[in-house]
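Pasting a structure here, questions to come.
Chain nomenclature is as follows: A, B, C and D, assigned in order of appearance, with residue numbering initiated at 1 for each chain independently.
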Amino acid sequence: MIRLGIIGYGYWGPNLARAAAEVDATEVAAIADPSAAARERAGRRHPSARLLADWREALGDPAIEAVLIATPVASHFEIALAALRAGKHVLVEKPMADAAPNAALLIEEATRRGLTLMVDHTFVYTPAVRALRELVTAGSLGDIYYYDSTRINLGLFQRDVNVIWDLAVHDFAILDHLLEASPVAISASAASFVADSPDNIAHLSVYYSSGAMAHLNVSWLAPVKVRQTLIGGSRRMVIYDDMQPSEKIKIYDRGIAVSNDPQQIHDRLISYRVGDMASPALSAKEALVTEIEHFAECIATGARPLTDGESGLRIVEMLTAATRSSRLRGQPVELGALREAS
Amino acid sequence: MIRLGIIGYGYWGPNLARAAAEVDATEVAAIADPSAAARERAGRRHPSARLLADWREALGDPAIEAVLIATPVASHFEIALAALRAGKHVLVEKPMADAAPNAALLIEEATRRGLTLMVDHTFVYTPAVRALRELVTAGSLGDIYYYDSTRINLGLFQRDVNVIWDLAVHDFAILDHLLEASPVAISASAASFVADSPDNIAHLSVYYSSGAMAHLNVSWLAPVKVRQTLIGGSRRMVIYDDMQPSEKIKIYDRGIAVSNDPQQIHDRLISYRVGDMASPALSAKEALVTEIEHFAECIATGARPLTDGESGLRIVEMLTAATRSSRLRGQPVELGALREAS
Amino acid sequence: MIRLGIIGYGYWGPNLARAAAEVDATEVAAIADPSAAARERAGRRHPSARLLADWREALGDPAIEAVLIATPVASHFEIALAALRAGKHVLVEKPMADAAPNAALLIEEATRRGLTLMVDHTFVYTPAVRALRELVTAGSLGDIYYYDSTRINLGLFQRDVNVIWDLAVHDFAILDHLLEASPVAISASAASFVADSPDNIAHLSVYYSSGAMAHLNVSWLAPVKVRQTLIGGSRRMVIYDDMQPSEKIKIYDRGIAVSNDPQQIHDRLISYRVGDMASPALSAKEALVTEIEHFAECIATGARPLTDGESGLRIVEMLTAATRSSRLRGQPVELGALREAS
Amino acid sequence: MIRLGIIGYGYWGPNLARAAAEVDATEVAAIADPSAAARERAGRRHPSARLLADWREALGDPAIEAVLIATPVASHFEIALAALRAGKHVLVEKPMADAAPNAALLIEEATRRGLTLMVDHTFVYTPAVRALRELVTAGSLGDIYYYDSTRINLGLFQRDVNVIWDLAVHDFAILDHLLEASPVAISASAASFVADSPDNIAHLSVYYSSGAMAHLNVSWLAPVKVRQTLIGGSRRMVIYDDMQPSEKIKIYDRGIAVSNDPQQIHDRLISYRVGDMASPALSAKEALVTEIEHFAECIATGARPLTDGESGLRIVEMLTAATRSSRLRGQPVELGALREAS
């Protein structure tokens, strides 16, 4: 049984605590939040947990082996670094840090101490993304041509991060997991239509060395909620619609075929393949529970998490590149150049 | 009764001829196509029309007052110029020409001769876009923030034009009509996943001096057909889904409200407005019939067509800028610079 | 503050308890359930409530003013009667009783003692049904022609009641509330495709003296979940789709118009009216909270609940008639005859 | 090449003529209609066909081998009988006749003369119903439990037939084809909400000796057009949605499993099976072309049509039983008794 400290009990912390309480291998030993009201809520739901006003107390408790950090982004680096230095394993909310160099320091610290460092990119642990990953690795889709995602809704407006850091971060995590490749450049356009608010709509184009392209449409200013991704491959294409209660994933045996038949060469080279569609039944297991089980297992075995520090760093780099390009009206920002500069 | 010559009877010409035959004010007097099979088909459906192998014959026929040109893009300029010089009014398929300077020459020629020059941007004449235009000009949407369009399907691959010239051209025409403003810059990313084929997927970001942004997602390589546009304004938002048999347009009384209340200033500045949705009944009249009636009326009255040569030119400029940006991985191309350069 | 006893803490009781705890005017004073495990769950969520193994203890507690009964249907009558005799106000789960005479006895008892007797027909308190009720009473729909409901899904199979008592009961409650009229007869067909299971699919036709008809399609054996109702009136028609996250209600300004114009009389008498559609924004308030607030207010003021004993009785009569008809392959069962016979 | 006479060129006749012209094995030799305007339209589209004011002339033409009859229902019997007596093969619009005895006489006449008699139940020839038939005969669905169809829209109101004869006729044809079994009884409820109009909404329950049930919901008075059928079997379930441009058929590997495990017997006997969904790609071939090819082939080979006179008779019997039950408020009408009585 791994004893956990939950740091931050605002919007997301209660979800982490609830999931951790459901996982057999973990126990919520302490919950830290500066707000008395938050601690009171925490106490009612987790009567056996220590309630702390200062997260440093959790780090000083030798009975606590690992911490889950769900505080504002700006504090991720400081708390995670202190936790690692106190010998705790760390699962930190996304994005891992507000800047790539800080993310790199966390990786270094965790490596030196042999501790598990994991980033809470929850989508990677959903049954839908697990199924997509299997399709990609099994070669069912063939070569990946594009990933095209629409992630829009009305609100919630954030004050401390723009819509790229708030929403595109999910697609970056899914892309990093599915493609196992880092992009070479990102072009982004963004705009804010609310005074004194960070950018609230954005479109991002992500270039890969394989020729694959990703495109993300993120917005806090849409009349309806959409969570839809199209993935096009040389063999099959997928629609992943996260708003559907069932049939979230539809796999289309469709594509084009280019004829090499010299008879047809002057005629019509490109024909269409329109085959069946299939929609696999997905597990109903909650992603957060799967994720915390994985965290516990990585701590126990020393295995590398699916969403380890390195992937967290790559995602912070993508977020940084995208925000930079958005200030240049879509001028592409090279990821390599960015990394060298930092 | 205006006597028309139809030039080109391949894919689109038959639609123009059929619509022209339905319009009271016009008559299909001649149909020209180099293919004998095409002329045979034309003859069966339009038994009273002259059938010509060479379009020059139509221009030489003094009984013909106007021509509808539905030939490949590369030939638009030559045929339209010759028609104007022969004193014929011209309705030319979109895009108006393959390059902006040619489009400008056509405008000049038409103006000098006092002839009607119109471009067949059919979408502008659909009941749905007519309704959108009314919403915008009546101020129902408030200030326009964004126009976000997805226009994707499997095929048809074109050989002579890329997906931008094939599909984004429709959104450019709608934008030009709705916003009555020219963009300042366009950033585009595009890719081809089929050997020797022009770009088959593209994403375009269009910047306006008002701060409004348009974004277009166009593809020949999607598993399903989507024709959906979101328009966000300061007062209302619209979803225009052209694939719906009814309820093509939904108007949402939704948005955000920024509080100036000093009591709330430290609290939550931005609140959401979630009001009713309304979907207007639309006319079932065919757009092409409306368009040809409009052409006939402009010829008769000398009025300026909704989709006149000037708008056709602006759209060719946008297509040119978008294609150029796509070769620079999204580096924005200024429309003004482009115009001066040409 | 009205002190409540919750009787039965199985599937539905926890929802009643949670909602009662949220309502300002009520307090969960006691929870009774014979299962020790259920009492343990209840204790964790409602630490200040008395936990009782026997519901009779709750009735004997003078501090408890009212009870919410969420036990199996077969026990509703006995417990509700005892509660009324003990001077408690009663809110009983639907259906009110397993037979009409028992329901009538409960009404009699409550009336004699001046106690509030209410039935938990939750749908009546949903924002969607509130909105439908306003449309009907305001005359927006005109005369009601039909109510056509599909309420199907895979499972959950019940052992003690058939699919009519489990699912059609909701439509009967909505109909009773919307139409303010009792049906004259019901014709039902039903079938079971699972050995030793009560009927799992059924179709019901409900005849009203006004000429209006209702039709209900209920099933535990459908591949997908559907909750959709069409209501047709002489002025407007409505689609109520409870599975939609938003736009649950769509009001269509559509119908037919019969011409009295003698000119047209030999021609085409019936024309169609296809006008706009509107979808009102609905409150997000939880129905169960609204319902318990209403119960508290009826207790305080002596007002008659929307879903009072009389309506509960009418619904039990409809359920009885429907089940009887289903055994006669759809032979219609008159509600009046049924009432006299009992 | 089989030379055909088309009798009736109103609403449906032009579709038959167009399809017959497309089929290689048939030729439109004559078109008969009493209306001069109809004959003029026919002449423009079928310039080589003889145009006749009186259908008797077509029967007298020895060059005509077969007739397609698309006249009002009331005249089907007279014309079809005369055609058979004149030695012509007959394809008659649905329903085959206005009464079962007349349908039986047609069968008798065709049998005696060795002529092909086929009924135009077009749905049976659609790619979707062909696919459903394959699923049923291959046993993929297991035992059929139910067929549940919604076939509703606004208008078109018919004057000579009620909504059962207009719309339910399609489902009866599909059922007759899929199930290869005659129902034992039908219960129907119907109503008219338009003065002097035949019934415009109806619900039908159809009982089979296997225990299977069919239910049909048909209406001319719905705000939107729906064409959706659910088919439930012991192994799989299907949703057939004819309004979908693609994915018309979805096959769900879902159902229930009843445990015989004595360990579970007191626990939960019924469990759910929620497996994958698959949607087969369907041919885009037009049903009417397939149907006329089939007619031509049956003439050539003497094979029995899929929609032969016998099936046409069974469907007329079902229509008769349904209408009769609807006048008795759903009292079931036995098909056997009906047949004996006639």
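To be clear about the criterion, contacts are C-beta pairs under 8 Å (C-beta built on N, C-alpha and C of every residue); 3 or more make two chains touch, one makes a residue touch a chain.
Just so we're clear, the structure is a prediction, and the values are computed from it rather than from any experiment.
With centres defined by CA atoms alone, the chain at the far end from subunit C is B.
Chain pair with the larger contact count among A-C and A-B is A-B, by C-beta pairs in contact. Taking the mean of the C-alpha atoms as each chain's centre, subunit A and subunit C sit 43 Å apart.
Here the spacing of subunit A and subunit B, counted between their Cα centres, is 39 Å.
In subunit B, the residues that reach two or more other chains under the touch definition are 224, 274.
The residues of subunit C lying in touch with subunit A in their complex are 224-225, 243, 245-246. Contact residues on subunit B toward subunit C in their complex (touch as defined above): 247, 253, 274-281. Per the touch definition, subunit D reaches subunit C in the complex via residues 145-146, 148, 150, 152, 154-155, 157, 185, 187, 189, 191, 193-197, 201, 203, 205, 207, 211, 213, 215, 217, 219, 221-224, 230, 232, 234, 237-239, 250, 252, 254-256, 258, 269-270, 272, 274, 325, 328-332.
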